[in-house]
Structure formats: structure tokens, C-alpha cells
Amino acid sequence: MIEILSLAGANLISPIILSFALGLLAALARSDLTIPEAVAKGMSIYLLFAIGFKGGVAVSAHGIDQTLVLALLAGLVLSFTLPLLAFGLLRVLTGLSAVDAAAVAAHYGSISIVTFVAATSVLQGRMISSEGYMVAVAAVMEAPAILSALWLVARSGGEARMEPGLIRELLLNGSIVLLVGAFFIGAITGEKGFAEISAFIEAPFKGVLCLFLLDMGLIAGRGLRQSRGVLGLGAVGFAIAMPLVSALLGLGVGALIGLSLGGIVLMMVLCASASYIAVPAAMRVALPEANPAIYLTLSLGVTFPFNLTLGIPLYLAIAQAVTGA
Amino acid sequence: MIEILSLAGANLISPIILSFALGLLAALARSDLTIPEAVAKGMSIYLLFAIGFKGGVAVSAHGIDQTLVLALLAGLVLSFTLPLLAFGLLRVLTGLSAVDAAAVAAHYGSISIVTFVAATSVLQGRMISSEGYMVAVAAVMEAPAILSALWLVARSGGEARMEPGLIRELLLNGSIVLLVGAFFIGAITGEKGFAEISAFIEAPFKGVLCLFLLDMGLIAGRGLRQSRGVLGLGAVGFAIAMPLVSALLGLGVGALIGLSLGGIVLMMVLCASASYIAVPAAMRVALPEANPAIYLTLSLGVTFPFNLTLGIPLYLAIAQAVTGA
Amino acid sequence: MIEILSLAGANLISPIILSFALGLLAALARSDLTIPEAVAKGMSIYLLFAIGFKGGVAVSAHGIDQTLVLALLAGLVLSFTLPLLAFGLLRVLTGLSAVDAAAVAAHYGSISIVTFVAATSVLQGRMISSEGYMVAVAAVMEAPAILSALWLVARSGGEARMEPGLIRELLLNGSIVLLVGAFFIGAITGEKGFAEISAFIEAPFKGVLCLFLLDMGLIAGRGLRQSRGVLGLGAVGFAIAMPLVSALLGLGVGALIGLSLGGIVLMMVLCASASYIAVPAAMRVALPEANPAIYLTLSLGVTFPFNLTLGIPLYLAIAQAVTGA
Amino acid sequence: MQTHIAKRVEIVIEAPLERRLTEALTAAGVTGYTVLPVLGGSGRSGQWSRDGQVGRAGMVSVVCLIKPKRLDGLLDAIFAVVKKHIGVVSVTDAHVLRAERF
Amino acid sequence: MQTHIAKRVEIVIEAPLERRLTEALTAAGVTGYTVLPVLGGSGRSGQWSRDGQVGRAGMVSVVCLIKPKRLDGLLDAIFAVVKKHIGVVSVTDAHVLRAERF
Amino acid sequence: MQTHIAKRVEIVIEAPLERRLTEALTAAGVTGYTVLPVLGGSGRSGQWSRDGQVGRAGMVSVVCLIKPKRLDGLLDAIFAVVKKHIGVVSVTDAHVLRAERF
């Protein structure tokens, strides 16, 4: 326990976490500090490209081990099933309507790529290697949860707009395409390609992540300020309990299919993190009756900071304890 | 021949080309992946500044050799005359109107700075040095072709709006000013200046080029999707034949004035490449009747990818064969 | 004297100054070269974050020496009093109205962070160290001058809108929050944090500064072109005399409280520089009758280039002469 | 200068719905439209701003000039998209040059 | 499609005043507004452009749809903010869908 | 609040023509105009979008408030620029505060 706390403590005073805290405080204090939309999008494009590319290079270096297919499959199944678990928990813990609960559930079945990136950078700081193809698992886990949520709504007698264009939109979503595309570019060009662009992909990565998390903090803080009173204690409890439960599921699955310590931690983080980019947009199209203030506040305002600060070191400590590493 | 193909093969699996391909595929598959306009402009400013600065530093290091003036003059003459060649080819190969043919011709007489940048990075990868002032030649070749095209239209009895403001606009065009300005800054501050900012100018260069080409691929793909059916086989044939013919002209001129192998290749690339930034804007002002879908699709949708993938290694191979290097 | 000139000469041919000159010339020649607003804002966020962070790291390395509080206090007092001096000078040298003079005075009591950044980079180039907390002094000096200016207007019988929201807005101004926040992040994470993100914070710094100064040059040039005839000789004289006088004041105060040579130079630069971001916006709210063309042209069009080119090396030479370093 | 009567329809709609709206406009026979960016706003669903957003957040404004007789059909098509969503639709009388374009 | 009479008020105002204007609108009982970016312009105080600006430079356009009876109160509230500042206010007759929203 | 009759002229024009249009407006005696960005659109010349563009691609929207009696001269001046180009011009009746400004 003390180890976990000291691990968490070390994590908390990294420039990355402090940048997020700065953004959060600035927004709560109503500073006019903002990052232009184009700059924020540019940073997210950079991060997705870099993380995808590095994953691909790692795969090209270590070859595709037999767990790759298992991991992709596990991700797919988890993303489909986690929303059912989330939905059940929400119906028990909160008084949210079926539509709102389903929309929240979709977010928790999907993933947050920034949380994933932050976790890889914590692992790297501790010299723990992980399977390069975990970024492909991340990509696979983005969309399925949305379908589960729509099914949940339909089952509850609600109206979910499952129009033909939606599935294509989900699969060809910009961030998935960029992540997977960069992964393949990295896998094809390998170490040689990496040598060519590592000064761009690797060196400034953590610094960009700091500024990006500053922006996330600003957005999360603005959201929290505006949605004061929207959420009950039950909902907030869910936003902390759900990642813990999901992480344990991820731990079990990861250990079962034989991932390395780093891979298990990343699988836990993918399960524990909640989407706040792709899924919200999909919800506006498919479940417009669901209240955005609820799902955005829970995923970006509560779960994201929780994972970033306490979650990641906790998952790492648990995984280390369990795998005996 | 086999050598050329293996060279082309090696070129094709670089992160740069694959990034372009990713953009192209994403756009053709109608993914919503986009790069914000401001980010794309920011990257192009970076690339122009870096390439101009590096050219200037190279000139300050090696001194101005006697071919500098010749090369600038050659560039000027080529940019004025290539449109006439292009116009003739277009009238033979296609059924385009005089105005459309002239507009296309203006693009092929001018240059694509991104193709130039990609070529310098291929040369660098093969340790082939080139004259630093070739970026000044590039700058000189941007505008003259437009005047030739307007003259072609006037000669064909068409109306070309050659208003007083236009020439100034062409010469003080943002990208020319930035390229030439950075060239002079590099030439003045030399190695000392380079040492100060090389970590910005040099290290991330290839990585930024990847993301920029991703964007070019997205735009080219969008253009191709929307202009399906606009172009006949003759026009597409022109867009591949013209760069080949122009490159040979560039080869002859470059060898004649005594450029190095690298310089000859860059001269070939300048001749072979077609503008898709400065010239389209000028055409909207001076030849509004010309159809943008035609000239943009040819220059950005056909010639640009051709040069990037097959053209550059081909020109290099030819130049090596001819100069015996 | 000759030394000062040669120092100034060496300063003048740095890429940083030449980039500013390029922007200025491009704008005066009416080139359409522009940097997108989002990119300019992105660069300023980067520069503020980097300079604040580095200051904080320096403080964490050398500890807080006893002059820190004195320096902060001195900055506060100077920012409150410099406007009174400026106002007096303006009333003597120019025929500006009380409101216009007060508005200009507010700008000269506040600071220009870019001038500060340029000065740190000149010091670094000459291997002169300085107190890391000078960035905190810079932050402290941003706002007080505005209050002095409003007091000056009220005293002259004018109407200054000192509404409740304004003070909060000034103190929680985005650039102050970012600068101070990054300073604390640097101070907390120290050398360890610096090691993590120095490839982002340090390596590309000067290059980004070049592009940012290119943008400043473009804006200053545009301003100068549009405000031709607005300013008399007296006003221009003020814009050069005021920084000289302020720098001497800064020199005295800096020496008095025991700053190092580098610290004294930075204090001189803070005193000598004039705001052109935070204060103009505040003036539009609090003193809308004041003419923006006057204060922007003086601070950005005259004083900023003066400090950048001649001022900084001059202040350094004077400080060296006085401190005997 | 000869001008022609027209209607100017302005739709402020959530960005994720943009493609669906413009497809509906095209299906309703509209010959053209223009999409303008929106920085932020406020309404029954609260205040929002585009600052720093990464996803398809926020709203866009779609402006459409049409012949008056087309208005009713167009509003039906728009309403089918906007109905369940956050958004505002307004119509103004206008005159246009070059009527043959609309 | 049933539409309802409304007024469309458009205010081009300096960016540093944006918050003050929207607060005044809210205080005057407006139920919503939309803020649009402005690239540049020209007026009595000269020409300006947003290009390359770092601070809160330039102007924004705030558009507000309201019930006609609210117009007078609203214009008074707007004028109190705009009075001393650079800015332009225009009002157009409009029709809106879903009157209950305004 | 006292308002005055005016015309609101809105011109969506290709970005490379912006300078020529605003110069023509100024020459026609207009006292001010506002330039708004445009994200994309569709018309007879197809669909376009500003995303990722590097050059002076796309269109801008220029809005101009004028005294009604100036309208005819202004439309002539606008048409001289727009005639051969891609673009749309619309005019709406409006009211403005502070008539002395127009």
C-alpha cells in the first residue's frame, strides 16, 4: 500500500499531471487562458501519429507474437461487454434514465487514447516494455461499445437512430484511421523509418503531451464549472468504481491471454478509461435525447483525472503484485 | 532498369510516401480525418522557412559559385517556356479549351515546393549533396509561368485579366517572400545561425514533412473523389508525360550549366513538378473562366503523387546514368 | 562605445532579429505573407510555457535566494510608478490628450514578454546566467501599470471604467496564469521534470522564437503602414527615450537589491519594454476613448524593434560597465 | 441592378450533424449552401465554446439562399434533421443577384 | 411548416468586450445567442485583420434571435455596452421554427 | 431605442478576390465592412471545404451595412468584381443603431 502511494506520489508531481492540474485550476478560477481549437487538434494529430507509429515500429522489431490476435479479440469483446456492466452499475447507483445510462455506458466501454498515452509514458519512465500492438487494441476498442449502448436503448424500448451512415462513420473515424494508419506505417518502415523521424516522433512527445493535458484540464474544468449540480453522488461514485472494476477485468483478461506486465497495465488502462472525443459525437447523432452534460462530466471531469493521477499507478502496482514482477 | 525499380521501391516504403498514401486512402474512403487549415498553413510556413534557411546556410558555407547566376537565369527561362510546351502537348492530347489548357500550362511551368522538399530529403538520405541556391531557383520559377499562360490566352483571342496589382501580388506572394527571406537569413547568419536553430530547423523536419504529406494526401484524395469523370485519358496522360519531358529538359539545362548531380536532380524536379498553391489562386483572379477542377486534379491528383513516388527516384537514376555518378 | 556597437552588430545578424526584419519588410511591402492566428497563439503558448518552466527549474536548482522577495516587490513598485514617469514625459514631449497619454503610459509600465525572452536568449548566447525567478517578476509587472493609468485618468477628470470584473480579468489573464503556472511546475518538478521534457522546452526554443518574431514583424509592419501620420516626432522620441530612462531605473533598482549581472539586464529589459498584448485589451475595456493606433504603434512599432535590436545589447553593455563584470 | 426575391435560411446546428443536414438540403433540391464556423454560444442546453476542443464539438452555421417557393419543402427537410437536436433555424426575406443560380 | 415572427440582432463588437456583451444579453432576458468569428474588417477606426494576432485582438459577431416584443429592451442593453466602443448593431426581421425556444 | 433603415449586403466570394472586392467597396463609398470566415459549401461548381488547405483556397463572406440609397451603386460595384467569379450576393432589409456611421 505504501509502495502504491509513493508510486502515485511520484506520478503526481510529473510535469504531465501538473500541466493538467494547471489547466483545471485555471478554468475553475475562470482565467481566460485557452488553447486555440486548431492547436489542440494539431497536438492530438501529432500524439495519435506518434503513438501509432511507435507501436508499429515495436511490432516490426519484435515480430507478431501469438497473443496479437487474442489481444485484438479480447479488446473487441471487452468493448462490447463493458457497456452492459456499466449500464447495470448505473441503474443500481444512479437514477439516470435508460437513455442517459446507455450513453454513459458507451463512453466507458470505449477508450481514452490520451489516458493510454499517459500510461505508456509512465511505463517508459519505469523502463517497463509493452507490446507495440496495444495501440491496435486501443483502435479496436473505440467503436463497439457504441453499438452495445444502442442495443441497450432499443431493448429498453427507447429509440436509437442506427442509420446506415453511422457504422461507416464510426469505423472510419479520423482518430482511428490515423492511429491505425500510423501503426501500419511504423510496422512497414520499421527501425529504418523510425530513425528517420524519431527526432520528431520521440523527442518532443512528452512536452507536447504536457500542453495537450493543459488543454484537457481547461476543458474538464470548464465542464465541471458549467455542470455543477447536474451529477449526484451516485454518478460520481460510478465514475470512480467503474474504472476500478473494468481495470480488474482487463487484468484478468490480459493475464489470461499472456500479455507482458506492460501489456497488462495498458489493457487495464484501456478498460478503465472512458472516451470523450469519438463517443460523444456519435451520441449526438444516435442518441440525441441523452444529456451531454452528464456523460462529458463523468468521463472527462471525473474518470479522466482519476485515471491520470491515481488510476495508472494503482493499476501498475496491482499488476506488479499479481504478476509478481 | 532493375536498379531504378529497387530505388523506387526503397523510396516507396519511406514514412513520407506512406503518410501521403494514408491521407489519400483516408480521403477516398471518406474518413472524416482532417488537418485544421491553420495547422496545415503552420506546417507549410515551417517547411518553407527551414528549406530556405538551409539553402542559405549551404550557400554561405560553399560560397557562391559561378553557376548561381546561370541557374537562376535557366530557371527563369524554363518557367517562361515550359507553359508553351505544356500548352502544345495539351492541345494535341486533350480537347481542353484554350483557356483551360493555358491555365493547366501555368501550373506545369511553375513548381511544387513540397515535391522539391521531398526530393532534397531523398538526396539527403542517399548522401548526395546539392547546391544550396537551388531554393532560390525554385523561388524564381514560381511566377513567370503565369505570365506565359496569360499571353497564351491573349494570343488565342481570350480575355486574360492582367491588372496592375497582379504582378506585385505574384512577386510578393507569401511563400516566395518566406522562402527567399529565409534563404537570405541563412546566407547572412551562416553556420553560426544554423547552430543556434538547427534543433528546430533540422531535427523535426522529416516528421513534419510526413504530417504535411498526410494532409496533401487528404486534399488530393478529396479532389480526386469530387472530380471523378472530369478528366479524360488524354489529360491524365499529359499529367504523366509532361513531368517526364520537363525533367529531361531540366536535365539538359542542368548539365549544360554545370550543376552537380544533386543540383541536376533538383532542377529536374522543379521542371517536372506542378504548382498547386500559388498558381491556382492567381488563376482564379486572372483566368476565372478556367475550370479549377481540371488544373487542381491534374497537378495535385496526378502529377504530384507521380513525382513523389516514381518520378523522384526515376529522375535521380537518369541523372546518375547520364552524369556517370 | 565601439564594444557596444560591435555587440549590437553581432546581435543584429542573429536569425531572431533577421526574422523580425523579414516580417517587417514583408508587411511594409504589402506581401500577403501571414501566420494564422491559431499558429501565432500556439507559438506564444509554447514560449510562455517554456520560459516559465525553465525559470522554475532554475529556482529549484539554485534555491530561493533572499533577493527573490525584493525583486518581486521592486517589480511591483516599478510597474506602478513607471506610468507616472511616462505620463509626465508624454505631456512634455507630445500633445496627446490625458486619456491617450495615460493609455500609452499603461503600456510602458507593463512589460513585453517577447522582449524578455529575446533578452534571455542573448544572455544565454553570451553564457551569462540570471535568476530564474525573473520570470515571476515579469508576471508581477504585467498588470499594476493599468491601475496607475486609470488613476491618472481619474485625476485628470476623465472617466475610467474600473468595473469589478476588470481586476480579476487582469490577474487571471491567460498569459500570466500560463507563465506563473509553468514556473511552479518547473519549480516543483525541478531537474527531473526538466530532463523529461527538455527536448521540447529547450531544443526548438530559438527556432520557434524566430517564427514568432517573424509574426511580430508582420504585425508591427502592418500597424506602421496603417498608422502613417498618426504620430508626431515627439511621440516617436518618447518611444525611444522612455525605454532608455526606464532601463536606467531598472539598473539602479536591480543593482540596489543585489541581482546578478544577468538579473540586472533582465530587470532593465522588463522596465524598458512595453506591453502589446495584455494592456491593449484592457485599455479597450477600461479606456475605450483612447486611440489604439497611438499606443499600438508606439509600443509595437517603435519601442519593440528598438529594444530588440539596439536596446538589449545596449542595456547589457551598460550593466557590464556599471557592475564591472 | 436587377435583383430577385429569395429567402435566406440560417441553421445553427451541432457539428456532428452537419453532413446529415447538408445531405438533406441537397435531397430537398437546394442548389447551394455555405457553412460558417461558430465560436461559441448559449442556449437552453447551456453555454459552450469551441476553444481547445478536439473532437467534432460545437456547432456550425449553415446558410442557404433559395427561391421563396422552395421554402416550405426545405423547412420540412431541415426540421426532420433538427427536430431531436440542439439547433436554431431562422428565415429572412432577401434579394439576390443572378436568380438563375438558385 | 409553422414559423413565428422574430428579430435577428447582429452585433459586431470588439473581442475584449465579448463577455460583457453576452452578460448584458443574458441579463436582458435573452434565451440564447451565437458567437461567430470575424476575420477582419474596416470602419471609421481603420482596417484590421485577425492574421497572426496573439492577444484578444479584433472583433466577434454575436447573433441573437428574439421575440419582437423584447427588441427594445434588448437594444437598450446592447447600447449600454457598445456605446463607447467600436462596433456595429443591426436588426433584421426574421421567422423562426420552434417559437417556444425564444 | 432609435433605429434607422439600412441594407445588409452579404457577398460570398472566392478568397483570392477578397482584396479586389473590398477595394471596390471602398471605391463605391462604403464606410465599413466585415469579413467572416467560411468553412465550406456547395454550389454549381461543386462542394469544397477549407480543411487542410494551405493556399488562398475557399471563400470568404463579406458583410456590408449601408444606407438604402447607396444600394444601387454598391451592387454595380460588387457585380463588376463578382461577375466572372464564383460567388453569391444577397441583400436584406435591416435597421441599424447610430445611423451617422453608415
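By written order: A, B, C, D, E and F. Residues from 1 in each chain.
Everything that follows uses one rule, which is that a contact is a pair of C-beta atoms (placed from the backbone, for glycine too) under 8 Å apart; a residue touches a chain by one contact, two chains touch by 3 or more.
The model shown is predicted, which means the values in this text are computed figures rather than measured ones.
Chemist: Please identify each chain that touches chain B as well as chain F.
Modeler: none
Chemist: Where each step is a move between two chains that touch, what is the least number of such steps from chain B to chain E?
Modeler: Step count on the best path from chain B to chain E: 2.
Chemist: Tell me, please, which chain's centre (mean of its C-alpha atoms) is farthest from the centre of chain A?
Modeler: Comparing chain centres, F lies farthest from chain A.
Chemist: Given that chain B and chain C are copies and touch, would you call their interface same or different according to whether over half of its residue numbers are shared?
Modeler: different
Chemist: CA centre of chain C versus CA centre of chain F: separation in Å?
Modeler: About 39 Å, centre to centre.
Chemist: So how far apart, in whole Å, are chain D and chain E when each is placed at the average of its C-alpha atoms?
Modeler: Here chain D and chain E have centroids separated by 18 Å.
Chemist: Could you tell me the distance, in whole angstrom, between the mean C-alpha positions of chain A and chain F?
Modeler: Inter-chain centre distance comes to 45 Å.
Chemist: Could you tell me which residues belong to chain E and also touch two or more other chains?
Modeler: 36-37, 56, 92-93
Chemist: Going by the contact rule already set, what residues in chain B reach two or more other chains?
Modeler: Touching at least two other chains: 32, 34-39, 41-42, 203-204.
Chemist: Going by the touch rule stated at the top, which chains touch which?
Modeler: A-B, A-C, A-D, B-C, B-F, C-E, D-E, D-F, E-F
Chemist: Quick one: which bits of chain F touch chain D in the complex? Just the residue numbers, please.
Modeler: Per the touch definition, chain F meets chain D at residues 12, 36-44, 59, 61, 72, 75-76, 78-79, 82, 88-93.
Chemist: If we count contacts the way the header does, which residues on chain B are in touch with chain C in the complex?
Modeler: 36-39, 41-42, 45-46, 49, 53, 168-169, 172-175, 177-178, 181-182, 184-185, 188-189, 193, 196-197, 199-201, 203-204
Chemist: For a test of understanding, state which residues of chain F touch chain B in their complex under the given definition.
Modeler: Residues of chain F touching chain B: 14-17, 19-20, 45-47, 49-57, 84-86.
Chemist: Flag every residue of chain E that touches chain D in the complex, lowest number first.
Modeler: Per the touch definition, chain E meets chain D at residues 1, 3, 6, 8, 22, 26, 31-37, 60, 65, 92-98, 101.
Chemist: Where on chain C does chain B make contact in their complex?
Modeler: Against chain B, chain C makes touches at 13-15, 18-19, 22, 25-26, 29-39, 42, 125, 203-208, 210-211, 214.
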